[in-house]
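Lettered A, B, C and D in written order, each chain numbered from 1.
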Amino acid sequence: MEIEKYQIAEYNDPVLNAHQKAFAYIASTVPNAEAIIEKLRAFQVAIPSWALGTGGTRFARFAGGGEPRNLEEKIMDIGLLHALNRSSGAISLHIPWDIPSNPANIRALAAQYGLSFDAMNSNTFQDQPGQPLSYKYGSLQHTDSATRQQAIDHNIEVINYGIELGSTSLTVWLADGSCFPGQLNFRKAFQNTLSGLQEIYKALPENWKMFVEYKAFEPNFYSTTVGDWGQSLLYANKLGEKAYTLVDLGHHLPNANIEQIVSLLLMEGKLGGFHFNDSKYGDDDLTVGSIKPYQLFLIFNELIDGMDARGMEHTTDLGWMIDASHNVKDPLEDLLQSVEAIMLAYAQALLVDRRQLAEAQKLNDVVRAQEILQQAYRTDVRPLVAEARLRDGGALMPLCIFRSSEVRKNLIRERGSVSVATGL
Amino acid sequence: MEIEKYQIAEYNDPVLNAHQKAFAYIASTVPNAEAIIEKLRAFQVAIPSWALGTGGTRFARFAGGGEPRNLEEKIMDIGLLHALNRSSGAISLHIPWDIPSNPANIRALAAQYGLSFDAMNSNTFQDQPGQPLSYKYGSLQHTDSATRQQAIDHNIEVINYGIELGSTSLTVWLADGSCFPGQLNFRKAFQNTLSGLQEIYKALPENWKMFVEYKAFEPNFYSTTVGDWGQSLLYANKLGEKAYTLVDLGHHLPNANIEQIVSLLLMEGKLGGFHFNDSKYGDDDLTVGSIKPYQLFLIFNELIDGMDARGMEHTTDLGWMIDASHNVKDPLEDLLQSVEAIMLAYAQALLVDRRQLAEAQKLNDVVRAQEILQQAYRTDVRPLVAEARLRDGGALMPLCIFRSSEVRKNLIRERGSVSVATGL
Amino acid sequence: MEIEKYQIAEYNDPVLNAHQKAFAYIASTVPNAEAIIEKLRAFQVAIPSWALGTGGTRFARFAGGGEPRNLEEKIMDIGLLHALNRSSGAISLHIPWDIPSNPANIRALAAQYGLSFDAMNSNTFQDQPGQPLSYKYGSLQHTDSATRQQAIDHNIEVINYGIELGSTSLTVWLADGSCFPGQLNFRKAFQNTLSGLQEIYKALPENWKMFVEYKAFEPNFYSTTVGDWGQSLLYANKLGEKAYTLVDLGHHLPNANIEQIVSLLLMEGKLGGFHFNDSKYGDDDLTVGSIKPYQLFLIFNELIDGMDARGMEHTTDLGWMIDASHNVKDPLEDLLQSVEAIMLAYAQALLVDRRQLAEAQKLNDVVRAQEILQQAYRTDVRPLVAEARLRDGGALMPLCIFRSSEVRKNLIRERGSVSVATGL
Amino acid sequence: MEIEKYQIAEYNDPVLNAHQKAFAYIASTVPNAEAIIEKLRAFQVAIPSWALGTGGTRFARFAGGGEPRNLEEKIMDIGLLHALNRSSGAISLHIPWDIPSNPANIRALAAQYGLSFDAMNSNTFQDQPGQPLSYKYGSLQHTDSATRQQAIDHNIEVINYGIELGSTSLTVWLADGSCFPGQLNFRKAFQNTLSGLQEIYKALPENWKMFVEYKAFEPNFYSTTVGDWGQSLLYANKLGEKAYTLVDLGHHLPNANIEQIVSLLLMEGKLGGFHFNDSKYGDDDLTVGSIKPYQLFLIFNELIDGMDARGMEHTTDLGWMIDASHNVKDPLEDLLQSVEAIMLAYAQALLVDRRQLAEAQKLNDVVRAQEILQQAYRTDVRPLVAEARLRDGGALMPLCIFRSSEVRKNLIRERGSVSVATGL
């Protein structure tokens, strides 16, 4: 199932006038519409390979149909998304769920859809069939050195797959931790994990980065061995300059001020990547922007401010990825909603008058500082984001095309109604 | 310090063209602009008398200047706000901080500014000078019946003041509870409190309502005796048809789904009033809409849906009040920001296409339901709210006028730089 | 695998002297040792059939060996626990995981081990093979009446199984709720759920109870349709006198005061049952007493106080059940630890001097009230609990026997190392 | 008001027999009673000077009587506590609440009671009368360099007072932060704060330590500038080897695993001090051990394990201090309860069989690891703590003597019933 450029143009046609009117209006009211559009066009969010199928809750998975049955079909799905929104031009793979049997072919297929390979993800939180040693009691933290070595070897294998595909980063997320007080010696678990990460770090090619992802808790846990940004930063600093912290929005204790964490990590030069999703209670992996869109805006506000202060490139100097689960929505529709929410927050943050904000901050003019942020946030920037898509041949209304052209129906026809995406 | 209508018109003049352009644009894109404007014009939020001065944190109060020194000046301040935004046409008094020595005069003064008297608030969480019995261990929950009676008598006194001023409701917020396990017999505390509320209920005039406010916790507490909506509803049901639950946004445990609470209370016919503010961690009493504006929208979405389903009048059938604290902002500026945020959320909620939403819900079309809500929320409704103000002689940009006309400077000149609002 | 009484006696023998010394000491220091022991002996906690196998986290299940392969083996496992601790004399079944093909035989088998059948549990949170309609969008709350009817019918079927087994209560836990704002009309979801519960209620035999379990959130949720005790109580009150609220320790928002909830539900005559477990972050289903043992004590303190005040029988007038998950422990060992923690908390709560506590509360003597609770909690009541077991033929040290007699090794030999308990 | 040694002995007399029996029992059941007693005797907890009077909630302070009116009386009060429990042999002063007009005399007075001077505390969270510049918008983070300098100067002044009194550490707790998004540039606030701390650090004498205290939130806040252990550690590492992190139990987000934080800070050699209290919801500053005693034990378990691993002295290599507020209890009674709870948790942690625990951890024997911790925690160690007091001439039952000898009544007679402790 593909959607051709001409088809998109056909779908855009009837709504083009309304869009042009809306765009003209917004362009006349904001000072920097063209500059924002250029930044929006350049901005790309990676889609994780595991987000293309229906996810599950603790108890059940209510599968939809037409899920991609292999890596090739996953790439096609992301190609479809990218054709529609022109902002999903990267894929983040997970090993062993997505082992490329023929990397060169896979790379060529992705290139065909304009997709590059973002961070590679390893998996030491599940036991694979035939795996000699179990991760029941952790992987890199394990008290048994052979189990640790197995986890190290796996990560190096993931790097090697990544090299073949043209990826340049490895995300290490560990489900290591404990369920009960007393189970772990926290310091030994940290030291074991650090040693393991150091071994993996040694295997990184020169131009690669390692992202150390943290997470406050999992259901049924008492502690996690990379639990918060402070711990992740400790690891990253001890590892070296290629190691960075990765922030996932859902991996915090209740009420955490994530935008401040982002700002401080940028200050330290140690923010490496970002996982977008949204949450109401825990790590809910809901559609980006569906619960706390203002928080998302505030985070982008800090990202832009902090990256600009260091002369970082928005597009390349951080890894941007969605990490969500889709249990009651069509996964592709959910991803379209998520990317849209990200682009809107990015556009709003680009609207913030930073000179005036700095001045208000200097004068402790709290009311004005709030007004400046809200002025940007309350602006309806949807026409800017749509215009950016349009200029790149994308859809004005991606979700509408997705539905009108009956993508899911076609996918089910092609792949069947009971396909299950690998890894789910 | 007053701002005359002609002055407001003069301030509006230079921005009128821009507003008209913006309003024309939004009016052309939403289906029901005029209907929304009429609802916005009718909607009034009460300002609590204690919100007009600088608040404090646990440790310090960093006072601003020009605070109202008495009830008359508080009314003038609210009159000023109302002149600017035309949406602050009510005042909520607190006894004993605002005892009207001459109620008839006070009532006439308020009427001059177009203000009515919203819910009266009693105070049994502080000991007043000369008060015979202490509330150290609670008021209506107290194990000593004489202390309970003193608290009952005080509430009846508050009702009597309210009658003279033309108020028709009493808000009972208790700081009753305990600091340590074992301190209270929970059931006896509940029964004592219920008995006290029943005595107060008996003193309510026919057309009055009693609002039972709940709160999950206070600093230094272990339990509160009206702790959540479930407890408040128990009291309200046992009291009778004039008793209702009052919801304050900041009075919940972390992550509570307040919009669902609101919906269920409306279903039960027992939602009576609302206290607006915003929070990051606890009961922070921050400016409305400054932290979680989407939550505010979702709450309004439920309020409108639930009130319409019962045929309730938005303007009169619930008590709407701000309850915030202003520690680092000019209180009047903060209130202007708060009212603006409320009006925007109300306007956005009025934009929701309820017929389509019901249809999407019926079909379990989760993606579309989300799109419908976001379509309304992402719309820039500021011109609608400004237009509503304009039609009532208010300011297009209330905060700008407040600053340009140097209101605070004038208030400081009139009242001094070290005035302290009564009750703070 | 069974352990005979004479074997238990043999295991007890070498530690009997030490126990007698310890028991003599504690018996000489508390005023009511014999009365407590009698209550401990009468107290029985039901084991849920799904807790006998290894549970899983979101990502993986690291199975142990020797898990019960059918209902008969589950009963044997609980029989073994009960033989050791004499406090696990009941089983709580889950349909369809434990459908008894021959109820009379099952009942006889359970009787052989001294086990009765506690609350029956229905399942409308998973789709079973061949099930006509899906619960993807909820069960009793569903917008489609046929799906609701299917869920009603299933619950009635569960009641019928229960009747055959001699159970007298049904626990209804629903995973109904929503993942996103807008997905549900909260009021309609409530009304649909209520209607469904009413249909099920009608099918209850005269002497049965229905327990309406609430839960604040699940991973990936935005709302739950029976979300807190307030909602559960609304349902229970509307249903009738056979309907009660069931409290699960892990089903609350952060920091909730569960002991107060318990107290108020008892005050209203609507507390029906209890699910024991422990948690650090969310609904972690950890071993009872492993994280917050003082909270467990405070809850028992309220249970005893509230039940005594209503003349309720501790042993029969509430349903007591463990609801935990065992991911890194041997499930049977975990259950032994859980039951021990429950018995200790119960014993400590029985030690509280209620006359003195009431007096301290009356006088607002907060320090003394705390001392009274801590005096009970700090007492080492393990010898009392061990003595209660001993008098009933149980083990002084159940966990030691379990290990020394190599129960797990034997179970693996009997059942294999890759057995998977039904339902997991 | 003082209690002489002979009086304490007289009070001990009637309960001595019972104690000896209890002590003999526990001494016969634990392997290392004498070693534990020696450690308990050496362990001293500092009492903060502000904890000797009645605290307040957000709304009211319900004062008790007989509060110390000056520094001399505060020292006497702590002397009294120390005479009773022999474990409160240090005082932690707060400037400007406790400026010693004659340091030599104050030092001599303290010595008379066997008290040393623990960490000095500065105050830049309140404006003092006559202070030139306000801390309304922060102190060390302030955008105005003169305000920052004022805060620096104040801290240096505090060091100087401390030198004269024989203290060797400075605790810096800042209420710096922001109330609203946009108010602060997080990175500039961090850099300003760091610069200020660096200036203060320069003024530290050779043998001094600086403790950088963190806190997640205050009521009415949106961010804090030293918000968590990660931030505090960043500051401490940038400052140098005399700078350490200080952990206050109440200063965390909900559900934080504080024992893990403690362990990692010890691993990094950067844990400097500890503030004891307890909490149910936020920073409640309740009596130590009154809400989560098992958490307190787990923290001590990590402290001992981590300190022993580094060869640190329990008694001297960390600063131990109570930081609580007393609103409904007699402050001195509350402090006696707090110190008792600390000593019990310390004793229980000393009971943990570390060799066996390490072995269980090595083998991933989670059940056994939990048993080992619970074995220690469930032991009634009160006779050990009492014995330690007894051997140092303290009271077997400090609270009983306090009440029997009518200390508070005497203090009220001496100081009046309306005295207010300085700083409250």
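Some observations on this one:
Here, a contact is a pair of C-beta atoms (placed from the backbone, for glycine too) under 8 Å apart; a residue touches a chain by one contact, two chains touch by 3 or more.
Here the structure is a predicted model, which is why all the values come from computation and not from measurement.
Under the contact definition, chain A and chain B share the contacting chains C, D. In this structure, the chain pairs C-D and A-D differ in their number of contacting C-beta pairs, and the larger number is found at A-D. Per-chain Cα centroids separate chain A from chain D by 43 Å. Chain C and chain D have Cα centroids separated by 39 Å. Shared interface positions of chain B, defined as residues touching 2 or more other chains, are 136-137, 179-181, 183, 216-217, 222, 254-255, 257, 280-281, 287, 290-291, 328-329, 364, 366, 370. Taken together, the chain D residues at the contact with chain A in this complex read 136-137, 143, 178-188, 190-191, 216-217, 222-223, 227-231, 233-234, 253-257, 259-260, 263-264, 266-268, 298, 302, 305-306, 309, 357-358, 360-364, 366, 369-370, 372-373. Per the touch definition, chain C reaches chain A in the complex via residues 55, 57-60, 62, 125-127, 134-137, 175, 179-181, 183, 216-222, 254, 280-287, 290-291, 325, 327-329.
Taken together, the chain C residues at the contact with chain D in this complex read 22, 25, 29, 254-255, 257, 280-281, 287, 289-295, 328-330, 333-334, 337, 344, 364, 366-367, 370-371, 377-380, 382, 399.
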